[in-house]
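Next up: the structures, one after another.
Paired with subunit B in one complex and with subunit C in the other, subunit A is shared by the two complexes that follow.
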Partner chain A sequence: MNDGRAPGAAVLPQNPLTSPSGGLQSVEMDPVEYTLRKRLPRKLPKRRNDVYVNMKTDFRAQLARCQKLLEGGGHREICVHGLGLAINRAINIALQLQASSQGALQLAANTSTVELVDDLEPDDPDEAPGEPMTRTRNNSAIHIKVYYPSP
Partner chain B sequence: MSGSKQRMREKKLSKQPASVQYTSSPFSSSQGGGSWNGMETPKSGHSSSTYGASPGGPSDRGGWVRGHQKDGGAYEEELPKFITAAAFAVARASEVQAMMKAVTKETGSCHVSGAIPNHMRRRAMSHNTKRLPCRLREVATRMREKGLKAGPKKKEQPKSKSRKARRRHGNLLLEFNRRQRKSVWLETHIWHAKRFHMLKKWGYCLGDRPTAKCYRACHRAMSHHCLLQDLSYYCCIELQGDEDKLLACLSQLTSKDTGPTFAAVLALSGRRQGSATVYRAGQYPSQPLGPVTFLWRPRTPGSSHRQLWIWAHPTLKQSLFPELQSVCQCREPVIPAVALVVTPAEPGPSASKPGPRQAKKSPGAKRKRSAGDGEAPPEKKIVGDGTRPPSAPVTWTSASTGIVINDLTMEVVRYRLIGPQSHAVLTEALEAATDCDAVSKAQASPLWWPQHCKDQAQMTLHRQQAEVFQTLKGVCSTGEVPPGTVLGLNVEDPRLALPQKRTQALSVVSADQDIDETTRELMLKGVPEHCCQSSLWDRFVRDNVTDNKLSEQEINRRKGEVLVPGSRLRPTPPQSRVPVLMVQQPGKQVGQEMSGWGAGWDLLLPKGWGMAFWVPLVYRGVRIGGLKMSLKHSQNKGAPYFPHDFPDCPAGACFQGEQETELLNQFKRRPPAKRTNYIKHGCLAPFRCPWQQLVEEWELITSEAPEVGSSSGVEERRGQGGVEPGWRPRPETAVQSGFSVLRNRKSLKLLSNWCRPTTAKGQRSLRARDQAPLDAASGAALLAAHVKALAWVRLSLLSKGRPELHAQVCVATQEDLQRLGDKKEAYSGPLEHPHKDRFKNKVKRRKKGGKKGSKKASPVPKSSTTLPTPEAPDPHPDSPLALGACSLPAAAGQTSASPSCPPAPAEGPSSSSSSAASPANLVLGLWPEPLPSVTAHCSRVTLGWVTQGDFSLSAGCGEALGLVSLEGLVHTLMAQPAERRGLVLLRNPSALHYRWAKINLEA
Partner chain C sequence: KEHCKILRTEEDSPSPFPGLASGVLEMRVKEGSKIRNLMGGVGGVAGSGGAGGLRQVVFTGSGRAVTKTITCAEIMKRKVGSLHQLTKLRYKGVKEVWESHDGGASEMTVHRTVPSISILLSKDPLDPREPGYQPPETLSALWEEREGADPQPPAAFKRPAGPPAFGGYPDCKRACLGEGGGVVLPSLSG
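Up next, the complex of A and B:
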């Protein structure tokens, strides 16, 4: 279960940040003056039947892992989580699972919003304002419960 | 006379009894000749064995000589006419006596083991005489008994004391002090020495790696739980003075181009730890010294007096300290009052060393207070460390600037916790100090805590700090706290609540629990400024805490009195409050993947409290790492490690030299037939990296390439008005070390953009549009700004392979890239053709000659120097064959088969190398100095070398960190197609296979 390559749950999207929605910082930042460093999303304790989907691992490998959990692992339900860019893939995995089970599996999707933190490192540190340069932004996440309906 | 005969004679002579002298000097011959009428009657065939040979004979050879002599000079022709019987008998008597003695005395050759032929000897015979033939058994038994009697006596002699006496506390301390004279111990030394392979390095005795097999476990601890290291060997330098003056002085040492400096606002406020690269004063692009981290003490309102701690590696401190003194003009040493106590006493270096650490560890600790009065007073002053002599002053002041420099090395203990759960370990092991009771508050106390409690402002601060510390428990991972956050705290002695068993500390955060506001605040903004204050900055408090520490024995005694065994000790003794500082260490900050890996906390403690905190931390289930693990930590983090990866700093250059000698010795210890022949592998310098030669050669290569047009490119850029305003191509003249590592952040960012393949999905940089695209003009401008520069790159292998130390980074040719793009075959990389070892014969000939020479030389060792060497080997090594087959990346259209090669400066060893390549320096399999062209030696052009390489457990492939020539890199990138940009070849020194690797240059 422990994925050595990506301790974080899901990858961050690589597309540029469009809306700094965090209310902490109202300063308009010139993008040239700062280096942006993204922190990992908040890591929550996970059960054995939680699958966090990322964009780096091979799709088939992730699908196989879910199948193994459902069939060999003896779990009646698993939870597939995807964040940002990985939402697509999470949905894809869930649908594939359902299709391959000939309708035995059911899906229940939930969406949520995850707050992410970015550190802004001023390139010219002596000029920076006294406030620490962090900003929050929100990103969408999906949590799909894949389960065998109870008879 | 042949050598063997001479040797035999010497052997015989050495076994002769003392009464008989066979001397060859004319002195003895005259003496002998006088006594017995000058006549000799040779009776045996060994006529010349008569001592006192006749003066007329060939007495220059003299003495006893075995065998028939050609010249026959010793045969007397005249026989004596008469013999005086009495005189003759007297003269013979001594001879007979000597003969009897020689017969009875055992000599080496009649030893028992010598009496049986070689093939019948057995090792166990010396222990078990029954394995010997009967006839020898008796003698052997006697010999063995004799040996047994003599043996232990000899062994016992140096240690005249019994074990008990030696282990007695005072004696043990003396012994420890003696052993610390050369390399100082950390406070956790004894703990480490039981579990680690220790290394004597930088004046300290440090743990290198655990004796247990736990490489993977330690890596797991770093990425999932917590790894603990003792970093107390890092040197702390304290600067005090006016903020403006301090900043003015320190600004000479750093440059804004390399990133944050000492004046960075966040760091200056004391809320964050800062880091900077230090240069010699005013020398910015050249002469770097190394990286430091620093910590400002938060401002006290209404005062501009500031306090700054600079943490530096001990090798860096040697060069940094004089530099600091000169920029701050602090030349007057201050002899503090305490130093006077120590300096005159001659046990100063030894007796002053033992901290309470030994006292705690040693079994006889109870004597410390009562009997060990002799050592008690100086014991508390730890004077001297691995980097300076004990009697040297530690404080300097300046009359002009008012700055005080304090050497705080070994005054503050520094522990590093690495891993996502390190905050959980800290929150579990430490506990905010409780308020002291009213009684002790009322009365005056020599302890600092009751005094501290009286101050209301201090207590509110303490409560706020404790609250922040509590909220730390709600954090899931250490990386969620802003990087470099500082938190000051007063904690209770962690020994009081030591758990019964070793447990794993984990943070308890449930999934459903929403982040509460305080935790959110902590994650976003970090610790508020006033909470970064700590009494640890105060010298008085530090000393007070160190002096009044409860001994381990006392703690144990009180624990024994507790009603419920194993419960927490209550009430807290008044001595048991310690000020600490916690500093968050950011994890991996560069690059896209694995961000935040390896984040952790540093714990700063007053001296003397090391073990009191170490054991409780260990009981929270952390793993302990040594030097090797910190190297791996920085490698996985993608950060350069000091001093390994700083070849342009004095410490790094020194390290390279040491490493070379060490590796060479290691290489020479192998039997010659089992050594790698690096010449055949086309590896010129397997044990070091000739950076200087590399940058020079690349300069030549690029200056020859016409299509780059560096000068015109620069002109163009200037005409355009500069797209990147930060660039000032400055003329660099006479750089001392000749090359420098590129640390300019803007250039690094630009370069890192260029290194990425532009078509790969998701790799496009956020601000790619702002940066200049890679073309001839921008490349030339970058190169003009940084002459003779190296760039620090991270290489990850695309397929198999584990890069090793000093592996070559090479440029791939066009054909290689084409074959790689070919989908039909799985192309793992080209092969290097084996080179021819032209030195092999010379080494062999020298060896033969050497043997002959030594044979002759052995009887008369002094004459060996005069012996002419049989043949003087040709000192001119031929220029290598492989020179012809090189390719230039600069010439884009060229293929690898093109015969043109750059006229490298060191290519002509035949002209310049007469002394260095002397046969004595020849080692089989290694190129002798000077090296031929390093870039063009193999079929692929060399870009640089790897300084650390290993299979990365976190990336799951081979990863290496290395330095490449900046010019080479830019030209290679320009020659490569856009979608294959940043691909290079990597080849280990002992392999012929080139492997594909991707360059990651992250800024």
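Up next, the complex of A and C:
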């Protein structure tokens, strides 16, 4: 993180060069305004029975889609994935599917960590000495297999 | 707001891990819990410790604390390494007591059901046939592995009728290669 680009965007303009310890902070927080853009999570495999749950689509629509896959689509199992805030919704969908199947469906949940990338773009490229940066962070995810156990 | 919640209690429910020895450390993650504090509480497991160290820990959380619960388990797995994991989902009953203030205090009790998650992390092996089992070091592999690190014969497209061992995931991978053709693999490196 402390990559030497710091002084240009230093928080302490009075002595930007003599405070190397402030380097990290000056990258994080500085007078240059940045726009934070969240990149989309990296592309993931998508089979016909994979459902990636989000928070934008109506809950009932996503639940209905899962039901359709299991009932009409003839799939013996589907995988419901949720990332971050959508974890709750993914769990809710899985539990609802199980409840409405009168116990015929089983759940097997796994958890994982997904690395996400944010882009930091200086708002005013002409004036600001800031350079575009990227930052990575982790978020939790859940993968729920919803399936009819084999007899 | 004329109503405010003055009490929230989770109704008792049987342990999601019936075979588990009593006395296993259980971390109840709440909406407002600080991850730092929670992780401090399980230092006994995290510390490499001698034979006396804790072998197992359970993280549970419901409602809005579910994501945090998973994050705790994920941090723990990364810190300690080689942990077997068992994840269980279910609905949990919650009793809330609300107080209303519009003219004379009156109380109201509400029963709700919220999704809840329980994650057992164990240094000792767990039953791999149990639904929700996850072997050690699957960290982020769940996502990446499936993109086809080790090529499998695409012949497995038609899933065998045999009992799907939990490993739905290896199966998934094959299916993925089968359906997507070889396209999935090359596009990876780009």
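Operating definition for what follows: the second predicted complex is superposed on the first by the 111 of 151 C-alpha atoms of A that agree within 3 Å, B and C clash if a C-alpha of one lies under 4 Å from a C-alpha of the other, contacts with A are read in each partner's own complex, and residues count from 1 in each chain.
Here, contacts are C-beta pairs under 8 Å (C-beta built on N, C-alpha and C of every residue); 3 or more make two chains touch, one makes a residue touch a chain.
Everything quoted here is computed from the prediction, not taken from an experiment.
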| item | value |
| --- | --- |
| First, second, both or neither for A:K68, with subunit B first and subunit C second | neither |
| Partner chain(s) touched by A:K38 [first = subunit B, second = subunit C, both, neither] | first |
| First, second, both or neither for A:T134, with subunit B first and subunit C second | first |
| Touched partner set for A:K56, first subunit B, second subunit C, both or neither | first |
| Which of subunit B and subunit C A:D119 touches, first, second, both or neither | first |
| Touched partner set for A:N92, first subunit B, second subunit C, both or neither | second |
| Contacts on subunit A seen with subunit B and repeated with subunit C across the two complexes | 42, 44-45 |
| Parts of subunit C lying in touch with subunit A, wherever the complex brings them together | 63-64, 66-67, 70-71, 73-74, 78, 85, 87-91, 115, 117, 119, 131-134, 138-143, 146-147, 159, 161-164, 166, 168-169, 172-173, 175-176, 179-180, 184 |
| Subunit A to subunit B touching residues, read off their complex | 2, 4-8, 14, 16, 24, 31-32, 36-40, 42-46, 55-56, 117, 119, 123-132, 134, 136 |
| Touching residues (chain side subunit A, partner subunit C) in the complex | 42, 44-45, 47-48, 76-77, 79, 84-85, 87-88, 91-92, 94-95, 99, 106-115, 138, 140-145, 147, 150 |
| List of subunit B residues in touch with subunit A within their complex | 223-224, 256, 259-261, 263-267, 269, 271-272, 420, 476-477, 479-480, 482-483, 509-511, 515, 523-526, 589, 592-597, 745-746, 762, 764, 766-767, 770, 953-956 |
